[in-house]
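As written, the chain order gives the labels A, B, C and D, with residue 1 at the start of each chain.
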Amino acid sequence: MTHLDAAPAETAGVPATGRRRYWLPVLRWEGGAVALLAALALQTRLYTGQERTVTTIAMFVALAAAWNLIGGYAGYACFGQVGFFGLGGYTAAVLMTHGHLSFWLALPLAAALAGAFAALIGWPLLRLKGHYFAVATLGVSEGLREVVINAGTLTGGGAGITIPTAGAGAPTAWLGNDGFYVLMVLIAFATVALVAIIARSRTGYALRAINQDEDAAASMGINTTVAKTIAFAGSAALTGAVGAAYAFQQVTIFPERLFDVDVTVLMVVMVVLGGAGTVLGPVLGAVAVAFASEWLRQRFTDVHSFVLGALIIVAVVLLPQGVTAYARDAVRERRLSLLENVRRYRL
Amino acid sequence: MRTRMFLTVGVVAVLSAAACGSKGEAGGGAADNGTLVIGASLSLTGKLAREGILTREGYDVCQSVVNDKGGVPVAGSRRQLVIRYQDDTSQPDTAGQLVDQFNDKGVKLLLGPYGSATTEAAAAVVERNGQVMADSSGADDAIFAKGYRQTFAVLSPATEYAASMVQAIVDLADPKVRTVAFISADDGFSKTVTRGGIAKAEQLGLTVVGEEYVPNGTTDVSGALTKIKPRRPDVIIGSVHLAEGIAIVKQAKELGVAPSGGFAETVAPPTPDFTQALGATAEGVLGSTQWTPTTAGSDKWFGFAGDYANTFAAKFNGRQPEYHGAEATAACLALVLAVEKAGSTDPVKVRGALAGLDEQTFFGPLKFDSSGQNRTKAMQVVQIQGGKPVCVWPANASEAALRWPATKAAA
Amino acid sequence: MAGDEGGGVNQLAQATVYGLLQGCLFGLVAVGFSLVWGVLNVVNLAHGAFVLGGAYLAWELHDAFGLDPFVSMLPAAVVLFGLGYAIQRWLVNLVVNAPIFITLLLTFGLQLLAVNTLILLFTANYRSIPTGYTGISLVLAGDVRVPLGRLIAAALAIGLTAALVYLTRRTRTGLAILATGMDRGAARLMSIKAAHVYALTFGLAAALAGAAGAAVGAVGTFSPADAGRLTLFSFVAAVLGGLGNMWGALLGGLVLGLVESWGGQLLPGTLVNAVAFAALVIVLAIRPQGLAGRAFYASRLEA
Amino acid sequence: MSEAVLSAGKLSVRFGGLRAVDDVDVELYPGKLLGVIGPNGAGKSTLINLLSGHLRPTAGRVLMAGRDVTGARPWRITHAGVARTFQIVKPFRGMTVADNVTVAALHGPHRQRRPHRFVEAVLDRVGLAGKGALAPSELSIADARRLELAKALALRPQVLLLDEVLAGLRPAEIGPALRLIGGLRDEGLAILMVEHVIQAITAVSDEVLVLHHGEVLTRGAPGTVLSDSRVVEAYLGSRYAKGGNPR
């Protein structure tokens, strides 16, 4: 009996189902609204080049948040996420160029197609686990790139496709750097908010349960197939929407970039370093990593990739659980030592 | 509650820091302190790093030669040339972003990145910002079909790359060549090159017996070669980059694919890597190039092409320049000449001067048509002879006679 | 017309021969990757960079001492073994128990470091080691060529794989590696020192990568930019063959080589990669344990 | 006797050549507890996996409340009213204790609109009151078993399959646990309880089924079964078979 009573003194006073969600760093809607306003207000203070940099950061916030849904919450390491980015981008580009569709129609269609495609391939692939799922999705995204390269009449192949953005042939006039700034910031916030809503919903509980133990999750009455497919398709659709916006911003897009595996890797780096399976983690991760790589590129023109590699290694070793979780534990258990952190996963 | 506030404040603070961080730098770039600042976004890392670094060497030569000779004359004063480099990591979107960043800092005159995709992305942004860009390596005609007015390419267009070799072979080869086969990489530039080459071949009465495409950057072209082998072309023309170019020659030997005339490849043979990697197998292969040390023409900064080669070699431990370096220097030279002619660094005036430029240089003639391409300059054709590329075409630049059949030249 | 038909058959025969030879090379590149994945459950994204390390070492040895690249396989393997051992012992072991993203990220960071180090040391130029027998081919019936260099490489690939299988099945160290791969806890009870065995495994895989690199340098072209492509090949071959199964990796390489080679004959050349990826995804969806029968560590498949 | 809520007939499963469960019949009745015992490797956990849908039987049928659920996916069987625990506890580690139970409350057959109250009540019932905000890793072994039980109860099942819920408990902790399980049975739950500790299970069982090498060795009232010499032999080997009852 004594054992039962020996709950840590620190937590003894917490009510049974108290509102403290120890797994979820808190971000209330007010906070989000303030941040959104700040981001929009920031625009007035930026030069064009800086504006584009922040636009890119917003894009990565959205991408990281979207990946977090399947990778962070459901725990399925999708290494082909850039395939949905490319699929969304090319769908929008093809619809606007050949179908003369307005961007505002092409964007949701691109998202829907990416989501539907993910649901389709998810049916066989979501039965795979761990590295196998990672490799299979990687294969899908590489295959998609090859298809785009070979479907030259539709996609322009390796020469890229240029969306008409000016004159009579343009279905929607180019939004300008200011326009794309606002668009990307809004998409980023919408993505983070959507993922936050899903995370707190019934499906969110299902995904976190699946992440920890799929057998036990199924015993809780969770239809794991449906839950995983929702996460995969949702994540893909959000990523596809970002891809569509990116394609329009770039005007001319090339398969190499739209299906660049480095973009997936960046998403993973951002989510993992920020904190997988948390709302705020991917946001912090994306901002930090995007800033770091931008800064490194400007300061260390020749060796920035080298330095980035070293930083990733150091970060992974010292903060394997992500910044958010580290901060949470540091506050909760008053443990700040990074060395203790290293001990967590070592042999 | 406190955590929430902390996080919110954190986000705002980070974003504000973004705003203020580089604010101080903005606008200071092109100040009238006796310098002429030119921006260059280049592929210093990523898959185009090799060519990007070669391009930077050409820009560096231009900067040091111009400054050694006192700098750029601008309306009575002399300005030191300062080239600011940024790495676009071989990504088109980054290249575009960097052009915008240069614009923030008041840098209106730019040198082009390496490669057609990055150049295309940069050109679109240059156009929006009213900057002026001298393009050193983006040869794809697609870039210039968009009606851009602010981008000028010093080099011959992509359609000429293979076409020049077809012309040279028809002009010089004896016995005459009747059939050709093309092996092309599948990127936009290479496909444009192939299209130009096929059009030229058909115009000159040759039969095209094969047209195979391989993935960009592959080191295995055995499939294409095996398909072409039974059609027995007299010449195999590769519209390729270095990796595929080496693979074609190497694997053709392995597979016993021996065209009666020989091999001709764009881009790859003039680079030292080509002969280094292939050894004796490289002997006799034709290549097309934008420039050789025998190119006709001279200018007051660099002299003749041979002088340029010496200057370059002196700066880089005796290493001879490739055409990448020369075309980069030529792009820089075009800007220098235009600034001098305009008597101003104002982008509108420099643009006007570039459009009207008509100069002989170590790189050949610099004269742009209305789309911004340099069509007055001819491509040159080289052949690997004795382990070195020597110019064999056109006549006014050739150093040696074409050895034909080229496959026999190896023996 | 009859000649044409014969040409078609010869063409296919040539594609088969070349595909098999190429496949052996893929297999050699992949076998170390498969070993690390199977035993340590680590997907080593830096594997391609290790292969290139071997290629550059062989290039330097040829340049300085005129050493044949196939001979250089040995010194390349030794150097890479030391490097691999050190990396696993003092770096990867720190996070080896973490979720898979973590180890993936770590090896991705390693890959960035390694590739950029190669660029700094050797420049981004394309290289190939010129050997006397490059271009010499045995000629079979119907003018089907068997390139000598690739034949040697294929023979060595089979030999090295056999040696590796012998090592893991018949020697104490090898059995310790297999045991650790199957059940770390149990291995510890048998007083196998996991940290050391892990490092040995990673070192062994790096050594194989180094040897494969020397062979790649002897028959093909390489530059630092190829690291990603080589890793991807290893991925595909390892999965096709079945995780941690060493003969399987070779088999996976052969399948990949044949698929690419035949695909190149029957389809437009640019679709070759698409076919390879389609094969990968289909095999994963239908037979995730690989083509070579039961995966060695099947339990990892479905937890 | 009332009708069986869950009945399985001639259940068999093979792994390669091994018959892990061979021709086993199980019937569970509301308010009754069936104890399943047997030595290691007898097929006890496999039997639970077959009933819960985590394994697909090679032969035989499972009927739940008259509906055929043979080979159905685990979540379907859960929705048919069957809940289970795992021998090796499987808490959702990234979540609090309360959230662990909330998963069941949200996804079980009786979806809770206001899970907070409900979860609190369930935690209270199993003796985890006040520990809702803890992480599963902070729980003692006994509490971890309680959490496992709470997750199953939050599904409000008709049938409860318990896989060695007493394992790892200290003698002092076993008594309260058995009282809790007995209470659940008395409320009308049909329970199947796999246990290694014989003396514990006889106290609460209405019927005992002994598995050996995947087959039913014997079944019946606890007292009769335990005096069966074959049972003793299976557990202790033939030497002890004549020595009388195990304690």
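We adopt the following convention: a contact is a pair of C-beta atoms (placed from the backbone, for glycine too) under 8 Å apart; a residue touches a chain by one contact, two chains touch by 3 or more.
All figures in this text were calculated on a predicted structure; none of them were measured in a lab.
Engineer: Farthest from subunit A in C-alpha centre terms, which chain would that be?
Structural biologist: When every chain centre is compared against subunit A, the largest gap points to D.
Engineer: Whole-Å distance, subunit B centre to subunit D centre, using C-alpha means?
Structural biologist: Chain centroid spacing, subunit B to subunit D, equals 74 Å.
Engineer: For subunit A versus subunit B, what separation do you get between their C-alpha means, in angstrom?
Structural biologist: Distance between chain centres, rounded to whole Å: 37 Å.
Engineer: Just curious, how far off is subunit D from subunit A if you go by their C-alpha centres, in Å?
Structural biologist: So the centre of subunit A lies 41 Å away from the centre of subunit D.
Engineer: Would you give the residues of subunit D that are in contact with at least 2 other chains, written as numbers and ranges?
Structural biologist: Residues of subunit D never touch two or more of the other chains.
Engineer: For subunit B, jot down the residues that touch at least 2 other chains.
Structural biologist: In subunit B, residues 45, 186, 215 touch at least two other chains, as defined above.
Engineer: Any chance you could list the residues of subunit C touching two or more other chains?
Structural biologist: 116, 268, 270, 273
Engineer: Each pair of chains that touch: what are they?
Structural biologist: A-B, A-C, A-D, B-C
Engineer: Give every residue of subunit A touching subunit B within the complex, in rising order.
Structural biologist: Answer in residue numbers: 25-28, 30-31, 34-35, 38-39, 42, 45-54, 56-57, 149, 156-160, 162, 177, 246, 250-252, 254, 256-257, 260, 280, 283, 287, 291, 297-298, 301-302, 304-305, 331.
Engineer: Where on subunit C is subunit A touching in the complex?
Structural biologist: Touching subunit A: residues 37, 41, 43, 91, 93-102, 104-106, 108-113, 115-117, 120, 194-195, 198, 228, 232, 235-236, 239, 268, 270-271, 273-274, 277-278, 280-281, 284-285, 288, 300-303 of subunit C.
Engineer: Using the touch rule from the top, collect the residues of subunit D that touch subunit A in their complex.
Structural biologist: Per the touch definition, subunit D meets subunit A at residues 52-54, 73-75, 78-79, 83-84, 86, 90-96, 98-99, 102-104, 106-109, 116, 119-120, 123-124, 127, 129-135, 138, 140, 142-143, 151-152, 155, 170, 172-173.
Engineer: Using the touch definition from the top, list the residues of subunit A that touch subunit C in their complex.
Structural biologist: 71, 75, 77, 79, 121, 124-125, 127-132, 134-136, 138-140, 142-143, 146-147, 149-150, 214-215, 261, 265, 268-269, 271-272, 276, 303, 305-306, 308-313, 316-317, 320, 342, 344-347
Engineer: Can you name the residues of subunit C that touch subunit B in the complex?
Structural biologist: 4, 7, 10-11, 14-15, 18, 22, 116, 119, 123-128, 130, 134-135, 137, 139, 143, 145, 147, 149-150, 220-223, 225-226, 260-261, 263-265, 268-270, 272-273
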